[in-house]
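Letters A, B, C and D mark the chains in the order given here, with residues in each chain numbered from 1 onward.
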Amino acid sequence: MQKIRVAIVGPTGYTAYESIRILLRHPQAQLTVLASRRDPQPHIADIFPALRGMIDLRCEPIDPEAIAQKADVALMCLPHVVAMESVPCFLNAGMKVVDLSADYRLRNPADYQQWYKHEHVDAKNLARAVFGLPEFYRQQVRKADLVANPGCYPTASILGIAPFVKRGLVDPADLIVSAASGVSGAGKEARPEHHFPERNETFEAYGVGTHRHAIEIQRTLEDIAGASLNLTFVPHLVPMHRGILATIILKPTQPITADQALAILAEQYKDEPFVRVRKDLPSTKDVALTNFCDLTARIVSGKLVVLSAIDNLIKGASGQAIQNMNLQFGLPETAGLLC
Amino acid sequence: MQKIRVAIVGPTGYTAYESIRILLRHPQAQLTVLASRRDPQPHIADIFPALRGMIDLRCEPIDPEAIAQKADVALMCLPHVVAMESVPCFLNAGMKVVDLSADYRLRNPADYQQWYKHEHVDAKNLARAVFGLPEFYRQQVRKADLVANPGCYPTASILGIAPFVKRGLVDPADLIVSAASGVSGAGKEARPEHHFPERNETFEAYGVGTHRHAIEIQRTLEDIAGASLNLTFVPHLVPMHRGILATIILKPTQPITADQALAILAEQYKDEPFVRVRKDLPSTKDVALTNFCDLTARIVSGKLVVLSAIDNLIKGASGQAIQNMNLQFGLPETAGLLC
Amino acid sequence: MQKIRVAIVGPTGYTAYESIRILLRHPQAQLTVLASRRDPQPHIADIFPALRGMIDLRCEPIDPEAIAQKADVALMCLPHVVAMESVPCFLNAGMKVVDLSADYRLRNPADYQQWYKHEHVDAKNLARAVFGLPEFYRQQVRKADLVANPGCYPTASILGIAPFVKRGLVDPADLIVSAASGVSGAGKEARPEHHFPERNETFEAYGVGTHRHAIEIQRTLEDIAGASLNLTFVPHLVPMHRGILATIILKPTQPITADQALAILAEQYKDEPFVRVRKDLPSTKDVALTNFCDLTARIVSGKLVVLSAIDNLIKGASGQAIQNMNLQFGLPETAGLLC
Amino acid sequence: MQKIRVAIVGPTGYTAYESIRILLRHPQAQLTVLASRRDPQPHIADIFPALRGMIDLRCEPIDPEAIAQKADVALMCLPHVVAMESVPCFLNAGMKVVDLSADYRLRNPADYQQWYKHEHVDAKNLARAVFGLPEFYRQQVRKADLVANPGCYPTASILGIAPFVKRGLVDPADLIVSAASGVSGAGKEARPEHHFPERNETFEAYGVGTHRHAIEIQRTLEDIAGASLNLTFVPHLVPMHRGILATIILKPTQPITADQALAILAEQYKDEPFVRVRKDLPSTKDVALTNFCDLTARIVSGKLVVLSAIDNLIKGASGQAIQNMNLQFGLPETAGLLC
């Protein structure tokens, strides 16, 4: 059987790196193109010395027509705004696209404008993009040319909240997510606040009230629940490389026990290959380097507490992107992702 | 002027170590006794090699009468249950006591029984113990023979919540604290879950619904607010040595802006030497190795978010203990604690 | 083509975990048995929650005859001494064995007795065991029923030193290795000195003059060089999970430049799939989660400095074990190991 | 008694921060001036939020004449090259100076030129500067107007090597230092290689053959030993904030036991308040936040291995600077430094 040919566009950041590592172990996909804005074009091993001896590819310019000759799908690892300038060209060239940026995640261009402070320039494709959270949009992803790969906090948060808002079991006006991420979530660019001696041995909140994933979580849950809702989202940084834990606090609309809450999670995800409902408390270590989301539920002082752990770079980015790609191409959904 | 003479009882754990370090720089107090249950009695430098050359004291048995000849005050760094077996003897021997254990923090013995699974055996002293949070109980601490030094999460949480519940500005039935601590909070004893390769590079919740600091926070806030309240407390572990950040989410009873909330914090703590109200977001690094509590406030989706950072071992334990000791003896409250 | 069937004996430690993860992505091998000394036998997902959903195997007793019905090869992940009690049984049952313990690494039982303080009880198989460092013993490994998988420090050290001692380019009486390892090298058992708050944010030497890998490095290099030699080995612990860097300092017998030294490394390893000779300095991060050894060379004040980095759990343990297994069964040497 | 008045020049880096913290607990010195090149001049609490509430000083321009009215001594925390442009002015204004930069550490301007790639512009003061390692230059420091505060690696290395080279017990042509430092040693400026996700969980050598501390160690030891010598120096970076461990490997000129080596260290440092000779192995944690250097010795395969641990920011920088200042002003050498 012929392998799916994959191009990675924007190959120098952390999500590109993780995508490459996963593709190297994917039995039915092959990385054929790395396309970069850099000039001159680097060999991938010069960007990531870890990859030398594993992959021998030099980057090439972002020329969708040329790339379409060599690849069936583009994993877009470009920054937001830059992504939506390229995505239409890849689609027009006949390729499928999984976009890891935020550019196609918000269905309403006004939301994009408000939170990303930039006009959306590809309304046409935005209208047909599918939010790539397979646990809730699997059928649409299968048929999608363009998948908007979810953000890391949204993946962890939505998987923990959606089963309850969907069933009307919690007050949609009172959703709280206190979440914490490893520092790779901030990207590869050095910044003073992420200088090792500043970032090590400290814990703090950031982007309180301004983090762009808040609107992504809210809108997606509204879509799933079919109702408007109110979300308080507080992200934090943990001195570690990878991982997200979302601590979700919900207000039950009727009395519910922890066992009942666990049963609802189990029911919701009973056929899901990448969601693990646990009785004990999840940790980011248990999901590190995997595409799993680990979930549990507790009742504390009458509130429903859901804990949701993912690897921000895998289920929160590259792993989910390849899960989506698998769906788009009719491959086994778990190909490359259970090892 | 004669220095206050201090005994540390239970000198082998992290809070004892931090107390020793602070006392070494205290201009008006002198560490004269280290009393331990160990046999044979170790030199303190054998327990903490870091202290060699800084202090030359060998531990001695826990003999309150003998210790009372050499010390004016006992900082009790024993485990709970063990502490309340010794505290009465030190009081009877005429010493003042600051107890860093949990034994005298809960005024109601039934709470103690329920949460610590052990009958309280010193009801008499429990009745007169003062909860040593100077920002709310300063006058009582000044006159107290026995101070119950607050827990780390309670210190951070109460300082962030009390100004608002006290003023009736938030719904007392809907208090949420999602907090995170460095691993020193778990104590010095090695346990499988804190083995370095297991604890490093991971973030997780623990003690959800069962952590004993929940009742301590609740009862103290009820005392301050003069009303019963409902608290949801979710603690987490951060792969770092020290520090606590409490992310507090409150429901305003009437519309409030972030500036108004900051003004309330500033008003509440305007004369406090160890509370710093900030406009930017606090981090545990900024309070590490200090007795400060850093606070800020934000409004997110209608909720009042208060962030409160302390060093769990200093303001959350040993620093606050010495702040209390200073008050008990009429010393400047900040002696030894602003350097 | 039928897959090689693999048993892991002693499945609860870190090397077993890494072996399982590698086998999950191995295209020509299948994990069929996990054999443990525990009673009752746990499901592997109860030991490593991270593996739930990836592998569904319950441990079974260590019964070589029974296991031989289901597996072609045993990866022995037992502690030393325990390993050599089981290995003969697996060989007798007709299986091939890769032993990850130290029991068959020292050809001379007297060395074993001296360094491991225990008599060697399987001299017969010791005599025919092959030291599984493919870069120097590939042909022997191909034919070996029993492979003694090298230790982590020995792998990093020997790969860096051997090319030079073999060619007589350095003084064999003056070999120095100052090496540093992540804490996973100390194993999974919690010990006070590896309690997170004690191990984090510190760097120190350990086992100076007593670490058992010293004799393993020395004897192997003597075998490769055909001459006796003198080694000074100083290991250190780094507050990180995985990785070893060996800083090797050698005394050239004749003037040599860095370029010449690099050329010798390049020549020695030109056909090796898992040795990468670099011009820049290697880091443990670049080899983390891979089976690579990264090497470079410098001249400093007349000394030849060789830097050698591996992942202690992969090339220093489980990855190399599977590399050896691949060789024993005539599979592509890199199968499962370049992804 | 009147306190010594101290100015810190260049107050925004890590060594300035540590100096401030130490001065806050110094009973006989007072920080009166912070002088910066910035414009506008920041309040120190805006640079280091941790200091708010502990010190209330705004920075002022670097005007030596004006500063000399308010301070008796300048702790120069400026970068090299910049320092030597200011130092003469402070001396001319009648102040004593402790320079924490490298500008006055190398007696021979040619060495400076070669290693720092910059001509030395203050030969006059270079000629009278004293290398501020009190353990070997105490009498000179007492009388010095200008002290060149040693580098961090040099402090740890020289204290470990000097007792042996001075006594002719080791081959001066064969000195090896493999040392490792916390990341604060790289300074406060964010650089891609110290971005948290790049620097965390990795260990590597850097500056092999080029690190400028090599010549500082060599020249100082030559001065102490009265003979030329040859040093191989290999520095490494550890993923932690602070601390240096120097692993020193020496070739005895005659047989020596570990006990004899320890006795020599003990004899050398018997009156030193900040050198602790230990029988067990030192760790950087034990000296963290102190001005101590912990030393031990071992014999391994005929080599003398000396292990030397300091806090790079304290004994390796700010603590030693204040130790030198104490000596310059006739204060107790340990003032402010044993707590």
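Rule of thumb we're sticking to: a residue touches a chain if its C-beta (ideal position, glycine included) is under 8 Å from a C-beta of that chain, and two chains touch if they have at least 3 such contacts.
Because the structure is predicted, anything quoted here is derived from the model rather than measured.
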Of all the other chains, whose mean CA position lies farthest from chain C? B
Could you let me know which interface, B-C or A-B, is made of more C-beta pairs in contact? A-B
Can you work out the whole-Å distance between the CA centroids of chain B and chain C? 47
Starting from the mean Cα coordinates of chain A and chain B, work out the distance between those two points in Å. 40
So which stretches of chain A touch two or more other chains? 182, 198, 200-201, 239-241, 285, 288
Note which residues of chain C are touching chain D in the complex, please. 176, 178, 180, 182, 198, 200-206, 208-209, 214, 230-234, 236, 238-243, 245, 247, 249, 281-285, 288, 298-303, 305, 307, 309
Which part of chain A faces chain C closely enough to touch in the complex? 21, 24-25, 27, 49-50, 52-54, 201, 273-274, 276, 278, 280, 285-290, 292, 294, 338-339
Looking at the complex, which residues from chain C come into contact with chain B? 14, 182-184, 186, 188-192, 194-201, 239-241
